[in-house]
Amino acid sequence: MSFVWGLLYGTGAVILIAGGAVVGVWWERKVSARIQLRLGPQQLGPAGSLQMLADVPKLLFKEDVVPASADRLLFRYAPLAVFAPIAMSLAVIPFWAGWAPLDSAAGVLFFLAVPSISVLGILFSAWGSHNTLATLGGVRAAAQMVSYEVPRALAVLSVVVLGGSLQPSELMDAWRWWWIPVTLLGFGVYFIASIAEMNRGPFDLPEAESELVAGYFADYSGIRWAVFMMAEYGAMIASALFGAALFFGGFMWLPGVAGLAVHIGIAALIITAVMWVKWTFPRLRQDQLMTFCWTVLTPLALVQLVLAVVVALWL
Amino acid sequence: MSAHDLAVASAAALVLAGAAGTALARSATRLVLSLGAFLLGVALCFLALGSPLLAAAQVFVYIGGVLVLVLFALMVVGRGDGESPRVESRHDPGAALVALGLFVVLAIVTPKRPSGIAPPEMVSPLAVADVLLGSGIVAFELAGVLLLAALLAVLVIVKSGGER
Amino acid sequence: MSAECRTVVNVGPSHPSTHGVCRVLVELDGEIVRRAEPIIGYLHRGIEKMAENRSYLQVVPLTDRLDYVGSMYANWAYCRAVERLAGIRVPERAEYIRVIVCELQRIASHMMSIGSTGADTGAFTAFMYAFNQREQVVDLFEALSGSRLTYNYVRPGGVGADLPEGWVERCREFVAQHPAAMMEIDDLLFGNVICRARTKGIGVLTPHDAIGWGASGPVARGSGVDWDLRRDDPYSVYPRLDFTVPLGERGDCYDRGRVRLWECVESCRIVTQALDQLEPGPVQAEGLPRLLAPRPGDAYDHIESARGSLGVYLVSDGSVRPYRMHVRSPAFANLALLPMLAEGHTLSDLVVVLGSLDPVFGEVDR
Amino acid sequence: MTSADSVWFVVGLAAGPVAFLVLLLGVNAVLAPSRPSALKSSPYECGIPQAGSPWCPVNIRFSTIALLFVIFDAEAVLLFAVASKVRGSSAGAAEVAVFTGFLAVGLFYAWRKGALKWQA
Amino acid sequence: MAGVDEFARALEDTPGGGVVLTSIDAISNWARGHSLWIMPMGTACCAMELIAASFSRFDFDRHGSIPRPDPRHTDVMVVAGTITKKMAPSVKLLWEQMPEPKWCVAMGNCAVSGGIFHHDTYSVIRGVDEFLPVDVYIAGCPPRPESLQDGLLRLREKVRSESISPSRRRTVEGLLPLPGGEKR
Amino acid sequence: MAVTRDAIVTPRSVTNDYPGGVAGFVQKARSLLTGAAITARAARRPPVTVRYPAEKLTVSPRWRGALRLRGLLGRDGIELLTAQSPAYNSVIDGLRRSERLPGCVGNCPANVDARGQSFLIADDRVAEAYELVRQRNIMPGVLGRICHHPCETACRRNHYDEPIAIRPLHRFAYEQFQEFRPERLARFENTRGKRVAIIGSGPSGLAAALDLMRLGYGVSVYEKDAAAGGALRTGVPAYRLPRDVLAREVADLVEMGMELHCGVEVGVQIPLAELITRYDAVLLAVGLQTSRILPLPGAEAEGVRGALEFLRAGNGTGEAGVQGKRVLVIGGGNVAVDVARVALRVGASEVRLASLESSEEVPAHPWEIEEALDEGVIMTCSVGPEEVLAEDGRVVGMRVRECLSVFDETGRFAPQFGESLTNIACDVVVFAIGQSAALDALASDSDVKVTEQGRLVVDGSAFTTSAEGVFACGEVVTGPGSAIGSIAAGHEAAISIHRHLESIPVDASDRVRRPVPTYARYAEVDLRLVEDLRRRAVMPLADAEERARDFREVELGLSRDHAMAEAARCLRCESEICVGCTFCARTCPDLALMVERDDTPGARCLTRYELDLTLCSFCGLCAEQCPTGALVHTGQYELAFYSREFMTFDAAEMLRDPGGTRATGADASRHASEGGAAE
Amino acid sequence: MTRMTIDELREHLCAAYPDLCPLFSVEFGDGVLLVDSARLREALEDLKELGFDRLGMVTAVDFGDEFELVYRLTSRSMRVGMFVKARVPRSIASVRSTVDLWPSADWQEREIFDLFGIVFEAHPDLRRILLTDDWVGHPLRKDYIDDSIIRRPDYL
């Protein structure tokens, strides 16, 4: 029975991600267009909102090329390994008071742990492509994703310290509005580290268009490539929703559906901010990225942790 | 066979399959893949045995960290001719013998648990924390020191790497 | 162990950051470039050979296609060589118009280069902003010549047509807003901490190397080589115009990019002055036959293009076609610096260095 | 939720996306054209046949990054394990602080040594 | 893979399959036509207009066309600029690396026929249709971004005539671009 | 952004670094916020994207889109314009007031329609051509011989090879016209009942007469000499203008209704005041009668003569009293050359021309000098007259001073003389350095004022004198000039009189613009490359040795074939109809244009006109080169094709008006929905 | 600092290297030193010593039996540019490289080698640069024949 539930939630997560990606890509194209003084998609639907409905079927009807020299097994199924964990991670996000799809006792850790499987997927895809650019991109991606996991985890940890529980629902029950100023620094670290985790600008080195053309998915075409893109958007959605819940209380502000709307609203703002950042800043270099992680972000996360521990003493 | 048993058995099967794959893999990528399956199986085992914290930690540290490290290590030592890195398993019968012996010993030593009893309760992270901060405090702090030592070791490696 | 096997990777010929069809064969040690060898010629179209079979006027459209980011320069350099060869005196108004269009062209060209610094480092939006400025210049040129890119405007003996009505006002409007827009791009790009980190100390060119390798234009000036043909080998009406030549100190990508940025501001000043001094008059030397047949001999003339000193060497045998045309392309000389500048930096820096040299392959390969 | 349930739940959770993707790939396999050729299945490298092997050794720094990560990962996991006890407990807080302190010191030391600088 | 051809043939043999085929065609052609991602094979002058086309002023994103430098992700190769003998193998390789279905637009006269470099030169390929199947030719030197836009809209019309079934593909009549004139 | 341009000052060094420590960190952080603020601000600005079809980027008059032919000679129902057709007249009238004036017409003071002439001759309609020319140039037969043809200097063909022989074609037209003369000459009636007296029958007077007759006035011309023609008769040597030609042209005018009173000197035989009362208007076109003679020492000696007197004597009687004498002509103008050549013909033993200007600057027309030198005239340049050497009151020579330069930097006449002096031996000195009017007798009894210098007081644009109803034109107003200039003045004066009589207000815009290009040639056209077909017809000349002995005509006139071919060379500039000159195809760097034509006279037309769009580089040279303006770039640039075959446009395609572009034109509605008019 | 005139350059050159002086001429306003190919290297070395620190352009012209090599030198200190020309016979088209004097000659000499087939001795890396490595012939030679060339008809 629980398998069926799991399957249901898993499929729901996929649909959420797919729908989110459709809206998100459109939104990103619009946001970037406005920032760049453009119009963005115009033709299909109002303000081009149905543009993705053309893009997705097109990718679906696109030939699926597998390079001859590629490791066919890795190449074919690496997108699954990238996408599935991210979809799974959505299951522990609390959307409702006292409820999360997988309200595990170690839910918060689950959220951090499971997507790290997709690092492996990226490495496999890169290596499996047997392509120099892809390999470079994949290695960059892996190094970056594992590195930024540390400050991200520490930032989340500070909320856990305040909440005293790893269980999402319990954590949310304990959430109070004044945590926002206390964990603001943590949110900053979480925000930046999440951008790096989802390989978006200014940390989009693995797929850096100006250097590696497309990075680890250079040789992927059609729907498999779309899966990578969906994973990217999925990671963005998951991070935004999780961050909105943990650092901004998510649904806690209003009861019921209104709360859910607030939660999604905050997440949408975070996503917009991610896009804003991407379309504003240049890209870091690999060494700067690493140095930034270890010498700025990690210490800041530690500072936040200490702060949270100090505050937690009074609880 | 209860649902619980089935879960454990499935996880164990994954572990065994992964282990076998790791032992028999010819190419490095398959080896890592098998290792991943093995580690995932262990995580599922932990979950099935009622410790989600341990399961998550297993995934976090081993799959997200150690496995990547292994993959990197494979890439670092990759052969210069650009061939797919191959694993030179000699499949020593002696080693197999030792492994088999170990298995037998473990099978004997491990206390038997009768099938059909209720699955264990979920272990709360709070309980783990209690243990770690209670009786396990020394071990906990020792782990911290150990990690510090490891960090310094890494620095040494980095330094020597930098020199080269 | 990593010393013996280096990753060899091709950047280009079809790569978003090679600014055209350049191929750089890169040997990587990890991410670090140990050797970068530019392989050029992917756009070698044999323009020098073609010029030998075309009349002097028919060569002008060919020169448009040399430096397609700044067609006016090649037009002008070629026309100067022809004028020198045939002894043509250009009306003053035409000289002013040439200065105006070429300074606008400098802005347009530098916008491309500055913008692509942004694109190379991943700040695509800055590229868009820069390109919007470029589009305005292109609009002006379009009103002038009828074409957006290959203007065929500067001709032997003058310019193709007089300024259309209202053009001067539009031009003034543009140069009035441009410096402020440049400051915005400066804030967005060269003021940005990430961009500085990406460009400072990258691809350092010493003044000694700059001279020895024949670098010119912003590439040389970024290294502090104070050499600008507009001032040091004055031609046309430049002696009557007041402008500063901005210089860099370090010779890194940052300085090169910022030299370009400030040159745009200076170009605005020059254009304003030239517009003030512009007086009515003919724009074409009269009495030029359609088929010029200069005396036998050779002539060389150069101008300061957006990329450096662009020279055209013409040999005439007295017929209506050039006997030989050679284009001394600044981008060609600048690109030769790439292996030296990129070595030891990472692959990411390679594209920034390449972008900061601002090669245009129509001109490099000819 | 029992432990077994959670196993099946997680498995189901994984099966959902996988099933969805397999469905997509299946549709793709049926509806998308497929005209493989030798050139098409050569790896992309900016329009030139691949110059060198992509599987050359990567920089050793990547391994050290991974090593560092494993250390901090382990630390983070241990911290997660005890984090829930910090709230309102000065002892727990102290334990955590000491534990974090070790690593902060290590990190600071490494930083000062310049080991965190990724020398390009 | 079994591929789409057999699937289409099977559908055609099935009663009522034609309707399904038609609707699949309609969906795919609509989707493909409105999502023409560009592989910018820009080599020379025309590349500048290709860049301009996707930038603020002309913004091809309006039509759903975005440039992607990787051939694997794109549908239309826009060959913009002179193709030299040295460059041609690369263009060919990149074209081959694009997944089906794919289209080729020869933008600018150099790509159409060598244009200004048709005569007298030794190193230029006289038109990419010497080695690529060109779907739309755009005259101009370089064509303005509006011309490219027009070319892509024409390509969209051409895409509409395609079918997943080989027997249903139609050929498009050449169109004279002069407005007010009849098609020829 | 509130940054003004003045606030932005370029630094000498562009390098700048973050400060160290906290300040640097703050600056780094701030740079990120600044960037974010810039993009956020941009997002609030309206997009710069162009929206179709409502908006266009720029409207450039020079857009280089698809090429189009506006018209093609003799093809596809394009009406051939004839001199008689109102269409042609309106075209010409339009041209005369617009910028589309072809160079030849514009540069002609009288705006003679040389283009129309060439067209009609090439079409074998010579009589019409003659009549067309006569509209502005009253005596084509005369001017066809003596005109200094500024039209040819401005001929566009100069840029390609050699100009059209416009003047010889005038003459050719005149000669051919003689056949049709009886049937085509029509008499003008005095429809308005007003009469105008014209004093002087020189070119300007006759021009005014013809115009006034055409306008319906009665015209009486008073000439003091025995025959009409004025300076044409007395000044122009007969070897250039046979007298019978002049007489016949005048006779034509008389036949058309002009009253001619020869041998009547107004002011002597009839007072001017009487004419003023008898006629509604009087036009003074008396020209210049006396030559200036420099007041040098010895200028009173016998043998010092004025050019006009000399010419009058030489032309009139064939005897000027220089038989066997050495003649020195002072001056470098055309009159001086005429004098020199006449002197040769009346038997001077040696004729020397002494000009102030250097040989490059001599104001006389180069071809005149060339012919004179051929005939044996000796030229001495860069000398200024110093003193007439006389012995016993008879001229024995001339002392001249070296002249260093004639004009100063600004181009004003300010001769600089050197030190060296030379004596030139001669028996007769003829001063050809200028002329002046003799008006005292004429104006003495009327309100017409004459200045102390002997000039009329004239409003230069309206040609009115100080007396009501009295007008003046010609050289008496403008000073010495060309015949065609005088004719132009006559036309203007006729308009002025017409306005006066009909009380039409003067409108300055009615005046014809007269662009007079200065012509400095940098490089000669390389004629080696010009095939014979495109060469100018060479005017046959009488043998130099022989012609110098008498007053036979030097130029022999074009043959019919030559004239037809020559007329066909005309490019019909600015007429917007393709004449098949093929210069577009020749100029095209890419060989995108393929042009073939049939050159048979009468059937002359293009047989093929094709534009290969695949080769076109849109450089615009062809349209620029097009002399007629028939080949134009349109703003229609959306040129996408499914097949390369369709990219070649044939003549029919080239002629069709595309009517706008896809983005804005008639076809725009089709893309309106797709173009993204939303937002 | 003002620009040096041609006459000053001539004097300067004559003062430093009297034997080069007779080879100096002025063409279209540029100072030109026409040297024998044997003395080319020596002249260039002297000029470099004299202060010509930049080699702006190297190119060649095909004059039938001979190739003319054209060096464009610039001196920043004297603010003057000049040409050095030398002719080499077509049969032995070879000249000493100047890469060691001015590195900027590197690619330019490769280009001349590529397009004219003139060999530069002691050039560190003399390969084709613009054309493919397997190209046959040197296109900028006047007698270059390539079947793929479509001649533009002589149609002026």
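Chains: A, B, C, D, E, F and G, in written order; residue numbering restarts at 1 for each.
As a convention for this text, a contact is a pair of C-beta atoms (placed from the backbone, for glycine too) under 8 Å apart; a residue touches a chain by one contact, two chains touch by 3 or more.
None of these values were measured; they are calculated from a predicted model.
J.: Tell me, which chains sit next to both chain A and chain F?
T.: Correct list: C, E.
J.: Which chain has the mean of its C-alpha atoms lying nearest to the mean of all protein C-alpha atoms shown?
T.: Of all chains shown, the one whose C-alpha centroid lies nearest the global centroid is C.
J.: Out of every possible chain pairing, name the one holding the most C-beta contact pairs.
T.: Top-ranked chain pair by contacting C-beta pairs: A-D.
J.: Would you identify the chain whose Cα-based centre sits farthest away from the centre of chain G?
T.: Most remote chain from chain G, centroid-wise, comes out as B.
J.: With chain centres defined as mean CA positions, report which chain is farthest from chain E.
T.: F
J.: If you average the CA atoms of chain A and of chain E, how far apart do the two points sit, in angstrom?
T.: Distance between chain centres: 35 Å.
J.: Just the number, please: Cα centre separation of chain B and chain E in whole Å.
T.: 52
J.: Could you state the distance in Å from the CA-based centre of chain B to that of chain F?
T.: 101
J.: Quick one: chain D and chain F, Cα centre-to-centre, how many Å?
T.: Chain D and chain F have C-alpha centres separated by 86 Å.
J.: Residues of chain G that touch two or more other chains: which are they?
T.: Counting only residues that touch two or more other chains, chain G contributes 131-132, 139, 151-152, 156.
J.: Name the residues of chain B that each touch 2 or more other chains.
T.: Expected reply: 52-53, 57, 60, 64-65, 68, 72, 75-77, 80-82, 84, 122, 125-126.
J.: Considering chain C alone, which of its residues make contact with at least two other chains?
T.: 1-2, 5, 7-9, 13-16, 31, 41, 44, 46, 49, 53-54, 61-62, 64, 125, 128-129, 132, 135, 150, 188, 192, 194, 291, 320, 346, 349
J.: Can you tell me which positions in chain E touch chain C when the two form their complex?
T.: 41-45, 47-49, 51-52, 55-57, 69, 81-82, 84, 86-87, 90-91, 94, 116-117, 119-124, 141-142, 144
J.: How about chain F: which of its residues touch chain A in the complex?
T.: 32, 35-36, 38-40, 42-43, 45-49, 51, 674, 676, 678-679
J.: Can you list the residues on chain E that touch chain A in the complex?
T.: Within the complex, chain E touches chain A at residues 1, 27-28, 30-35, 55-56, 59, 61-64, 68-70, 72-73, 75, 97, 99-101, 164.
J.: Chain G touches which residues of chain E in the complex?
T.: That would be residues 85-86, 118-123, 126 of chain E.
J.: Using the touch rule from the top, collect the residues of chain C that touch chain D in their complex.
T.: 1-2, 5-15, 23, 25, 29-32, 344-346, 349
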